[in-house]
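Each of the next two complexes has chain A plus one more chain, namely chain B in the first and chain C in the second.
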Partner chain A sequence: MKKIMKTALRKPIKSTLLIIAVLGLGSMGFILTDKNPAHPNAQLTANGSAMDKSVLVSKNDFDNASSKTETKAMPIYGHWRTFTEKDGLPANKAYSIRIDGNRVLVGTHEGLAVYEQGKWRTYTTKDGLAHNGILSIDVSQLTGDVWLGTMGGLTRWSAGKFEKFTQFNSGLPNDIVYGVLCDGKDVWVATAGGAGHFDTFTKSWEIFTEKNAPMHEPWTYGVSTGEGKIFIAAWGGGVIEYTKKTKKFRDYTDPDGKMEIDLLPDDGVVHNVTTGTSWANGYLWVSTYFGLSRYDGVHWKGYFDHDSGLTSNFINFIRAVGPIAYVCTDKGLSTTDGQNWVTYAKNENDYNGKVTITKGNKKTSTASTPSISNNFVLSVDVKDGIIWIATSKGISRGELLK
Partner chain B sequence: MKTFQNLLMLLALSLVLGLIAYFPGKKMARIHVNDKTAVEDHPLSCISCHYYSQTSGVISKLINVDYLSPFNLALSNDGNRLYVIAQDANALLVVDTKSNKVLNKISVGMHPHSVILNAKGTLAYVSNEWSDKVSVIDLQASKVIDSLNTGNGPAGLSLSADGQFLFVVNAFSSNLSIINLNSKEELKRLNTGNNPTGTVLSPNGKSLYVTSRRANAAPYGETLISDLTVIDTKSQSVQKRIGMESAYIMENVAFTPSGDLAITTLIRPKNNIPSVQVEHGWMMNHGIGLVEQKENGRVIQLLLDEPNTFYPDPFDIVITPDGKKAFVSSSGVNVISVIAIDSIRNLLANASPKMLKMYSNNLGMSSRFVIKRLTTGANPKGLALSPDGKRLYVAEQLEDKIAVINTETLETVNSIDLGGPKRITVARQGRRLFNNASHTFQNQYACYTCHPDTHEDGLTYNFAAVGRNLANVISLREIAGTAPFKWNGTNQSIYKQDGMRFSRFLTRTETFNYDDLDALVAYVKTGIKYPPNLMYHPNAELTASQLRGKEFFERSVDNEGKLIPKNNRCITCHSGPRYTNLKMADVGTLASTDDPTLFDTPHLNDIYSAAPYLHDGRAKTLEEIWTVYSTKDEHGRVNDLSKIQLNELIDYLKSLRGPRYNKADSNSLFFKSKNEKDYENSIKKTY
Partner chain C sequence: MKKINWLLTALVLIISCVPSQIKGQEKKRMYGNTPIEIFPYNNYQKAYKYFFVEPKQFYGPGREKLAPKDLKEVRIGLLGPLEGSNLMPLGKQMLQGAKLAMEEANAKGGYRGLPFKLMIHNDVGLWGAAANEVVKMDEEGVWAWIGSIDGNVSHVSLRMDLKLEIPIVNTGDSDPTYTECGIPWLIRVISDDRQSNYALINQIYNKDKHSRVAVLRTSNRYGRVGIANFTDAAVRIGHPIVIEERFDDGDTDFKQQLERVKKLNVDAILIWGNAKESAFILRQIKTMGMKQAIYGSDRMVSTEFLKIAGKDAEGIITTSPYNPDANSLPLAAFQSNYAKRFGSEPDVFAAHAYDGMNLIIKAIQKVGLNRALIRDVLTDLKTFQGYQGVTGKIILDESWNDIGDIYMAAVQNGQFKFSVSPPIVLKKH
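And then the complex of A and B:
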């Protein structure tokens, strides 16, 4: 703490960023603790798996809306259904979410919730989790093992067995694991004390901090992979790219340095305080607390709330699937293909919300009833026309309308 | 005449000198022998130690011979050919079962473990545990035609039902390699239980069972759990992990032909109670675990032991094609236990959970299902049934023979001599003793039981009064130069450890006679080798991370630039080719339940495979030695290291391997360091 205070006094700009980040993290769940009363339209049926019967935003509404704005390529989700503690979640604060075959894995503040065949089941430290606060989830396509990044270490969940990796009993860089990625036999982590990977074959760790990689400091938020590279979202250090074949690093930082605005558009990553990376379809997407960036290997493109359909520059998490990037912000979920945008946001005082479709300067909004569970969106996953989002007040499931 | 007088004088002088030297010399020899053996009546025989224990040179070559040591078996589809793993000869033997002659000896990799044949019987796959490869053998041509890469320590093998995939159990890296036999590529490795060896495919081909020999890491006092890992062969992922409670050393597993039961061999250790319990017949139990193959199927354990006679170290299990009989090789007493499976089914049919729990510890239950005990040659290991189920072949590992048993009359009908040396060396006799439980009260366990593969079983035992002086089992690999022994260094020699102390604390019977003790010590000192450390140090070079770790291991100045006191440097205590200065030290981990003492500095070769750590096994990983149990640098100066640096130090520690693997490495630390001289001097002092 002393060290943090000293740093704060020495580096005012950096400390401002730090405070923003801490507040953001706090908002993930530590601060927002109000209970979310069950929505009348979100009651479970007897078998616990039925969809809402009354959905005011219909597929036709979106067909009409999309035809006006010509956003045919953009998927639009509706029929939102919210799940909270009353539905069986161990906590409303949900940090991470992952679709794993026929089940959905949700990392909450009070353990891992698994939704399968219409029922929730919770796993906690009593079952073997390293910590109940689960910040990140990934599933190994190779083995089917589930890897959970928690506030107290990394956990492997394999066929019912939990195994803990901590900074004390293993080479894990730090116990606060913000990001986890399964990449073949390697499991990558982004932690508060550096990034690294665990070789599941040799059971060895290799870790990276500012001491041996071009990081500003060891705090890392996210990790993703694509085209033989690993992309680490490093706090204050932009994006750290690691080429697996050569084992070489390079970094992508904001050419504007410590400026909190983007002076020259599209000159690089929009800010050095990065919160996540995701690679798909030849694009690297980078989320920050100050906007969104996209990199095609040659050019960077920046997106902000004032010049695009992005609902907020404060981005907690990003996941790109195919051509679409799903952007989790403090003011709702934005999705984009780089040109067109669809944003889902909830009204402040009721369960309804709106869907805003943006193409160029044109914005079209349509009411959505019900809407997503909360606007502070922390994670998202999409598969086979179903979208799941984790927020600071419950999780939501949506269906592809178009 | 004068010459005669001179000769007489010389003879008299020699006699006088001889008499002068004899008595004090004999006294000195007596003191020396008494010191080394910890008894006062061991014969004054120099050859006991200085002849039989030679590990190299002419004498070693004269007194030792190379045995075959058959370990596992497979039969051809027509039953006419028996394929035998000759573990010590690094070969696969081809035996004609009609003439009982060895037809061929095919060289394979180091320390082969298992052999299986493809469905057509044209190819054999041999796992080479010390080479990390599977040899593919063309049986028609009798030669190795390919070599497949695996994980670390390939042991048990199985083929998928369609023959497209080879499943290889990796004993050292505790995982399962799945190899596509078309592309010859390893597709994936699935995490299994700890130290697995056995595997079997279910009759319907849908599930693959993998055993584990070590229990999952747990604090002393908690119930042991060892995993049976079940693989879904379609998705090639782990379907479930069946926790076998209070059991370990599940060597092998078999299915009944109908597929209703999977049966594994196992041992139930009572390590949480004082070892004096052996007098009450309840220190180690040996039996089988059964997994019912139905929804909510039960997991049951039954003992093969009897109230006053135990059947230790069950190794292999096979079941006749009619599903009526199972045969288990009880390696520690040279016995095949014959089980009536229907009797077990009847036993379980109406048993309540409470009754089943009672059965798992009941020494009387075996009389309900064991129908015969068949005596074999020394150390029966792998078993194979003829296709018609009428003949059982038993690999008698320390006999170099294969016993042939008629499964209907339950009589031994033949013995196939594999052609190994006829002479039984002293070390071979020692190995037989090491693997045989006859020297323990009621045959409860052999040395091998707690030291499987002459290594360690990963458990902590209570050798003194309840809860006092807990001790973690240590490896026996190449310990000849590492005296003193035991965690508190109270045993100055292997003689004492295996002789007087052994009977007092462990076997609770009479000590070995001195011939047997000579043999046992000769084996322990000469016959137990380190496997190569292929996972962390496969060649001469260390990785960049390991090299940096080596610098931390050898450093004398910490990260703050301060001189590290000599007794707080890693290299001071862990020096020489075995990384021990053979001295006692205080590393701050004495428990309140320990008698006050210093700790014997342990050797570090192959330390990666020796979890848990510290004298009482409290550290589950190498990291915990420092992150949890040495937060004030009591166990060397380490707390100044960053996490990266600590990882590098541990990377280096994991690279340490048996000294003989470093001899070819001219850059080795051992042959450059001045510590080598210190080590040699200390050896001279000790002996």
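And then the complex of A and C:
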């Protein structure tokens, strides 16, 4: 080592050139092998036509990326069928969607639509809804009750009856309920005036605002659960995490603290104006109007439309199911396992569209006939190989392609 | 030989820095008229992603919708602090300015013979009430709305508005973060506190050569967010503020805060609050014999401030989003008509509401009754870019925030005198 140092001091030019060569090769290696987890050097294996492909990723890539990832294939959906007012929806604009056993619940601008045995049935304020604009839906696994977050309060649909919770007759923080979550006996809501927790056994409410939680302001937008925690998307406040066991809060914000930039993509949430959270398979996914973030409990990873297969940074909603995150954007639906991407988007002037698969820097697109109902996607749910998406102009049902 | 060594070393450093930014955004622009010297982190490293460098588009449906055929009036909403708020005087002015614009449009035939109607909503009440009011406006069928003034209210209403997709023209909220949420349904036609902060930085540190500055600010969101860019910029130019003291709306005694400021030998004080509290602070500063130069936020530019502060106001300097003394025929006509209609002088909130309402009316007249199309024309950065209102020329940036001229207002002989804020020239620290 001493000899090398002495040589370097005696022959600065040669040494510098050597360093350049080493670093240059290192940089080229970085560029070519692209160790960014968003773009692994994975193998794509396909069978049959493009529409029948699944993106298969080598086990090593997942082992390297994270031991939490179990599934090796990116699902691809097709055989899309669209439903609109003509098919029985009360409105084309659908804010929320949830699969509940053999039926599908759709929150539209003009009421709740329920699809069962091939038929649509609509429920409105005349039936007892707090408001016809239904922004969020969840179903209690404990009781089977359906909880609806509306533009005029929270509604419980239980045993055929609708029950209203408003800021005037209950502890609901505010009547605008952007997000609702059933978690055992508990119901959590994200409202325009703070987060709320309703214990259905004791019938007691807790309200969380900037007064008793680490929120900048009480503007909550989404709520999800996982690993004994509640994750609240707070508009301007990043993610508020509540540990159920200790009843303690903590927050995750963008460390650069600036609205106009993201200094580093992997240092925290990409922006503090968050729109949703979803936890699955050991990952917390966070959507914003400025990009997507993923957190594994130790490391954050940021995704933008310029550096990944994410179709748009403007994300309305996110739901993670197993290893896949379903990302609802204003330019279509993107799905990802954190490394590979599949995006579904409709053509502007017909019913067809395209499916774009992104793996590293390589993008391949193929036609989709027909496509999703509209590219402004507001909600999604997936179960047993069936995907339902709610958009600003109709809803769509897709099937997992074999 | 030495030169070659230096060049080679620099080359090594450049190459070694490449990987960390290889996927960073290539296009880079300083957002919000921010001088490069005080752009966040710019003195140290390039950001991975710069937001607001190009306008977001609305990709949803709606442009194909036809206007209803059975309309009897064209409804436009207004959301403002009209009851139960300390901002009521500001809200009243906003309402009156909007009313005047609408009445003038109706006198000219409205929209294809249909009268415009103002749907008025109070933004103060239970927490989050502003969101509920936006739902009501949607149910009323408004085509667009103007408002509001308070930053909390604006943010709460904006989130609901995004769901309902109604164009907003904000005429009174100076919270910089409001347009930084990236929502493509909002434009703001009044300069924000970021612009105001930069103008004050220029005035206090560059022009007036102060270096030790104290800040007294209201403890609410207006104070916290409104002063943030000043505080950051002061650090970046090498003069962090010496002390930041807070007060609550409604306070009348500021002795404790001022005693602390007095001990620190500052040479200037910046007051950031509403007119009333700012005036009381100013009087107390003079009573305590403090001789520092005094600066303030644009909310001090009001008759209420001058009335309470009296002769103590002499020499103070603030910013102003417009120049009410400008030599402008449209402005003179507006001031005259406003005085005839309401029996009082219009203030900054009235003037901007007048401009904002006129923009909505012109947008409707241009594209018809379709919310998405109204949004498109308001945000295209062409149709109304440089619109000459009574408040001056409206220039929107890519986040649809007004970055047009901002003014300095200095009290001379008991009256505010206005001048355009000079271009900012900062020395890199």
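The rule is simple: the second predicted complex is superposed on the first by the 329 of 402 C-alpha atoms of A that agree within 3 Å, B and C clash if a C-alpha of one lies under 4 Å from a C-alpha of the other, contacts with A are read in each partner's own complex, and residues count from 1 in each chain.
The rule is short, and it goes like this: a contact is a pair of C-beta atoms (placed from the backbone, for glycine too) under 8 Å apart; a residue touches a chain by one contact, two chains touch by 3 or more.
Because the structure is a prediction, the values reported are computed rather than measured.
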Room on chain A for both chain B and chain C (clash or fit): fit
Contacts of A:Gly194 with chain B and chain C, given as first, second, both or neither: both
Which superposed partner A:Lys185 touches (first chain B, second chain C, both, neither): first
First (chain B), second (chain C), both or neither touched by A:Leu142: first
Partner chain in contact with A:Pro173 - chain B first, chain C second, else both or neither: both
First (chain B), second (chain C), both or neither touched by A:Thr358: neither
First (chain B), second (chain C), both or neither touched by A:Trp205: first
Which of chain B and chain C A:Tyr221 touches, first, second, both or neither: second
Dominant toucher of chain A (residue count), chain B or chain C: C
Touching partner for A:Lys161 - first (chain B), second (chain C), both, neither: first
Partner chain(s) touched by A:Thr366 [first = chain B, second = chain C, both, neither]: neither
Shortest CA-CA distance in Å separating chain B from chain C in the superposed model: 7
Shared chain A surface residues [contacts with chain B and with chain C]: 167, 173-174, 193-194, 209
Interface residues, chain B side, partner chain A - complex: 151-152, 173, 175, 188-191, 227, 229-230, 235, 237-241, 535-536, 545, 620-621, 623-624, 627-628, 642-644, 647, 650-651, 654
Sites on chain A touched by chain C in the complex: 12-13, 16-17, 19-20, 23-24, 26-27, 30-31, 36, 92, 95, 131, 133, 135, 151-152, 167, 173-176, 178, 191-194, 209, 217-219, 221, 235-236, 256, 258-265, 270-271, 273, 289-291, 302, 304, 306-307, 312, 314, 330-331, 374-376, 392-393
Residue numbers on chain A that touch chain B, as the complex places them: 142-145, 156, 158-161, 167-171, 173-174, 185, 193-194, 200-207, 209, 211-212
Touching residues (chain side chain C, partner chain A) in the complex: 1, 4-5, 8-9, 11-12, 15-16, 18-19, 22-23, 25, 31-32, 34, 40-41, 45, 47-52, 56, 58-62, 126-128, 130-132, 135, 152, 155-156, 159-160, 163, 176-177, 180-183, 221
